[in-house]
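After this come two complexes, each holding subunit A, first together with subunit B and then together with subunit C.
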Partner chain A sequence: MIETSNLTGERIRQYLSDGKRFDGRKLDEFRDISIETGVSKNAEGSAKVKIGKTEVIVGVKMGVGEPYPDSPDKGNMMVTAELLPLSSPRFENGPPKFPAIELGRVIDRGIRESKFIDLDKLCIKKGEKVWTVFIDIYSLNDDGNLLDAAGIGAIAALKTAKMPKYDEKGEKVLYGEWTERKIPVSKETPVAVSIHKIGNNLIVDPTREEEDVSETRVTIGSSEGVISSMQKSGLKELSIEEFKNILDLVEKVERDLIKKIEHQIK
Partner chain B sequence: MTKTFKRPDGRKPDELRPISAKVGVIPNADGSAMFSFGNTVAIAAVYGPKEHHPRNQRNSAKGTLRCNYNMLSFSVTDRIRPGPSRRSTEISKITEWALEPVVMIDNYPNRVIDVHIHILQADASTRCAGINAAIMALAHAGIPMKDLVSSVSIGKLDKQLVTDLTKKEEDWEEGEGATDIPITMTHEGKITHIQLDGKIGTKQLNEAVELAGKATKKIYEVQKKALKEVGGKE
Partner chain C sequence: MTEKAERKIVIPGEVIMKGNDYLPGEGTEKKGDEIVAMKYGLAEESRKLIKVIPLSGVYQPRRGNVVIGKVENMTFNGWILNIGTSDNAFLSLMEVPRYVNKDGLEEVMDIGDMAVAKIWNVNRRGIDLSIKSRGLGRIDEGIIVQINPNKVPRVIGKEGSMIKLIKDETGCNITVGQNGLIWIKGNKVEDELYAKKAILFVTEKSFISGLTEEVKKWFEKEKK
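Our next item is the complex of A and B:
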């Protein structure tokens, strides 16, 4: 009852071959994006992102813990994602299923590999105490492309996040009290853009129906034209030609997307 | 009663925080709503009535109202691990009990209505905000009901009764400390939910219930207004 029918899929493919989409967008056009930061005041940073009817909320919290043995002087980061049953009749309660796990991991790598967070600055005492940045993503309404929305939300929440106060003598975080210092992040804004292949066409920002009939997806995390993470998902193969076209398309939409994000995060 | 008693945020004892309510916040849901008391913000979404899975939990005598209360990990200053906890499991059940008396669940044998409640930002009274959002979401989804319910926390700080506790008040330590009494009432004034943590005499408890009656009437007006603005979902 909630799957997209074959007939609808057929129509989507027909439209795309004429360069059209159901909602009148061009193939390389995003829906309207709106970003609201500071939406949950107990978080160190937070953001609500809407892309069309798709909506996510992302919050950043800081904790203090032990560093990993292979990076004794670096802070840690952790991304979790929950696809809330509140956000779609398709999602159910229970342990996270693959889509939620993949979402968290793709966003994690996008942020980690772009070196957006300066983890070197999050060391409190080498080998003993470092900050951990928790980035928690929740879907509020799923109308396709939660992934890109989550990526934007994570960046917006991090960019506006403040460091909590830390009691050095008592060696504990004074939760609920903040310093004026921002979480150390780079000036460049990394983004994750997902390209979907439907029939012989490549599109950005799929709606729920379009995502349902997508044959393969490539999500590319990049910043200033440098690609730092990538994930292909789905069963269909890609030709070298198609892969090149995907890279070109990412380059084309990325700059505009970054502009939109930076404009809305104050 | 001490004459010098002052609430941390300067409210009068029987004064609610600014409340706001909005219907239709989750486009995918059959019904949805947001409700807030000051800095406490809850959203609720309803899916159903729909087929009840797993099958063995079906009730052939009446439908099932299934609530799920959850706090987002970053809704409180000290991050909570995502996922269910003992606390959230209990509040989910309490919420079902608070709502079901007014929901005409008999109309839906073998079916289930899911109510998902999430706390986006917490400053105490989260279960009350959740219940207030949930009943609005149910109304928005067009589920027939006999009445609305409205929920509020009444507190006793030292010896003084107050309406709608904040986190700061919940942690009150002076004198007799804090007693927290979340209460849910129908518009007719019947109690569908009451809990209590702390200590209080029977006389004062009766006063607390009266205070809740007054506060829930105010909340009811805000809920009704928000529902009227939107009407049922198409």
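Our next item is the complex of A and C:
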């Protein structure tokens, strides 16, 4: 597997400085997004998200477990991400590596801190039994920007997920049977938007090639303009001025993105 | 293209032919009196020989192939290039057609640079490369496009007809490495991207017969 060459990188930078991208998009334009919900019949909620050629599948499963000692009346939430070898020649089988761990954690932080899931309502018996929400992310094809795709997928899966039936006498979950109730989620839709810096330009939704050339990435999770999480990776630094531009860009992109998601989930 | 016999898509393990009238060729194996496919591809028969043209899979290096690779490492007497094979290819200092100061290897090629090279030997220890020929050496400008190595013959076309068409239409210089890496160099970035789009179109439609005509039509449509 040969990664994007310096030559192509040089061309991308040169082209970006004219405000143009290889696939003809604007700097702040996303590729086509398509969301398909209910793709798994065993999961409580699931979604398949495509952004251009990038494809991820997200599943939500509910379980019952003990609460953590510091939050006895709150449900638990767990996000795991797996980058499958079938989605890119770069991913190998085996223990998760940095990109997979980061992906899971950024999505976890985005959902947790935005208070999208109402964990208070997921308590069955205080201090003893609470619901645990498992969110599993699998990549099907990697053409850049897996992070934003996974974020959209997680939200779509959660929004459409139904609570499974719970046998109170036997104290166990009756899997395969669902109630009409949905998982308690808030009305606002949080999204994660990743901004990449290439040269002096800020772009959203990079392709694989652009992601390889990217110097710095900032992922901002927000809903209705309220920032709830943030993650920066990459080697280069950002000036205060640049960061202000990033925030402006996120605000602009976020609004369109939420509209697109809400439109498609219905 | 003139087809002698109809091609059939086969998967590994599929019986292509029974009986002892035919000989097993590339990508096939004889098991009992059956000829079985060993690769996923198109089965073809010519002069009693059955072979399978693979549709996917990694690049198999062959002597004399021109390939494009990325410099991954430098040793005291040469460079190690990644050409998309399982073992890396070695370009010796001896195979550079000019004087190189042993302390200044990076002046010829540095880590991360792309280069066009020719395979002059393949043995069990590895692959030996050479840049002692016209048109070989480091790439200074342009873009690199990666395609499935099995589709390289489609991109080149019969006697180079396809690649000539793309070159004429886009005004770009194009070098196709047998390992599926393609170097495009044009006057403008737009031209290079145009050529890239054309090449990707060819790889997508590689099943169609009369592909060159199809690409001509595509170019006419794109011009409007």
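Just a few scattered comments:
In this section, the second predicted complex is superposed on the first by the 265 of 266 C-alpha atoms of A that agree within 3 Å, B and C clash if a C-alpha of one lies under 4 Å from a C-alpha of the other, contacts with A are read in each partner's own complex, and residues count from 1 in each chain.
In this text, a contact is a pair of C-beta atoms (placed from the backbone, for glycine too) under 8 Å apart; a residue touches a chain by one contact, two chains touch by 3 or more.
Note that the structure is a prediction, hence the values are computed from the model and not measured.
The superposed arrangement places subunit B and subunit C in clashing positions on subunit A. Of the two partner chains placed by superposition, A:K169 touches none, neither subunit B nor subunit C. Legend: residue contacts after superposition of the two complexes on their common chain; A:F22 is shown touching subunit C, with no touch to subunit B. With both structures placed on the common chain, the touch criterion links A:N6 to subunit C but leaves subunit B unconnected. Of the two partner chains placed around the shared chain by superposition, subunit B is the only one that A:D142 touches, whereas subunit C remains out of contact.
Among subunit B and subunit C, the chain that touches a larger number of residues in subunit A is B. Of the two partner chains placed by superposition, only subunit C is touched by A:Q14; subunit B is not.
In the superposed model, A:E82 makes contact with subunit B only, not with subunit C.
Comparing the listed stretches 1-9, 145-153, 163-171 or 181-189 of subunit B against subunit C after superposition, the clashing one is 145-153.
The interface of subunit A with subunit B does not overlap its interface with subunit C at any residue.
Against subunit A, the residues of subunit C that register as touching in their complex are 69-70, 82-84, 112-114, 139, 141-144, 146, 181, 189, 192-193. Of all residues in subunit B, those touching subunit A in their complex are 26-29, 39, 41, 43-45, 47, 50, 68, 70, 72-79, 82, 84, 114, 116, 118, 120-123.
Residues 39-44, 46, 53, 57, 59-61, 63, 80, 82, 84-89, 93, 134, 136, 138, 140-143, 175-176 of subunit A are the ones that touch subunit B when the two sit in their complex.
Across the complex, subunit C is touched by residues 1-8, 10-11, 14-15, 20, 22 of subunit A.
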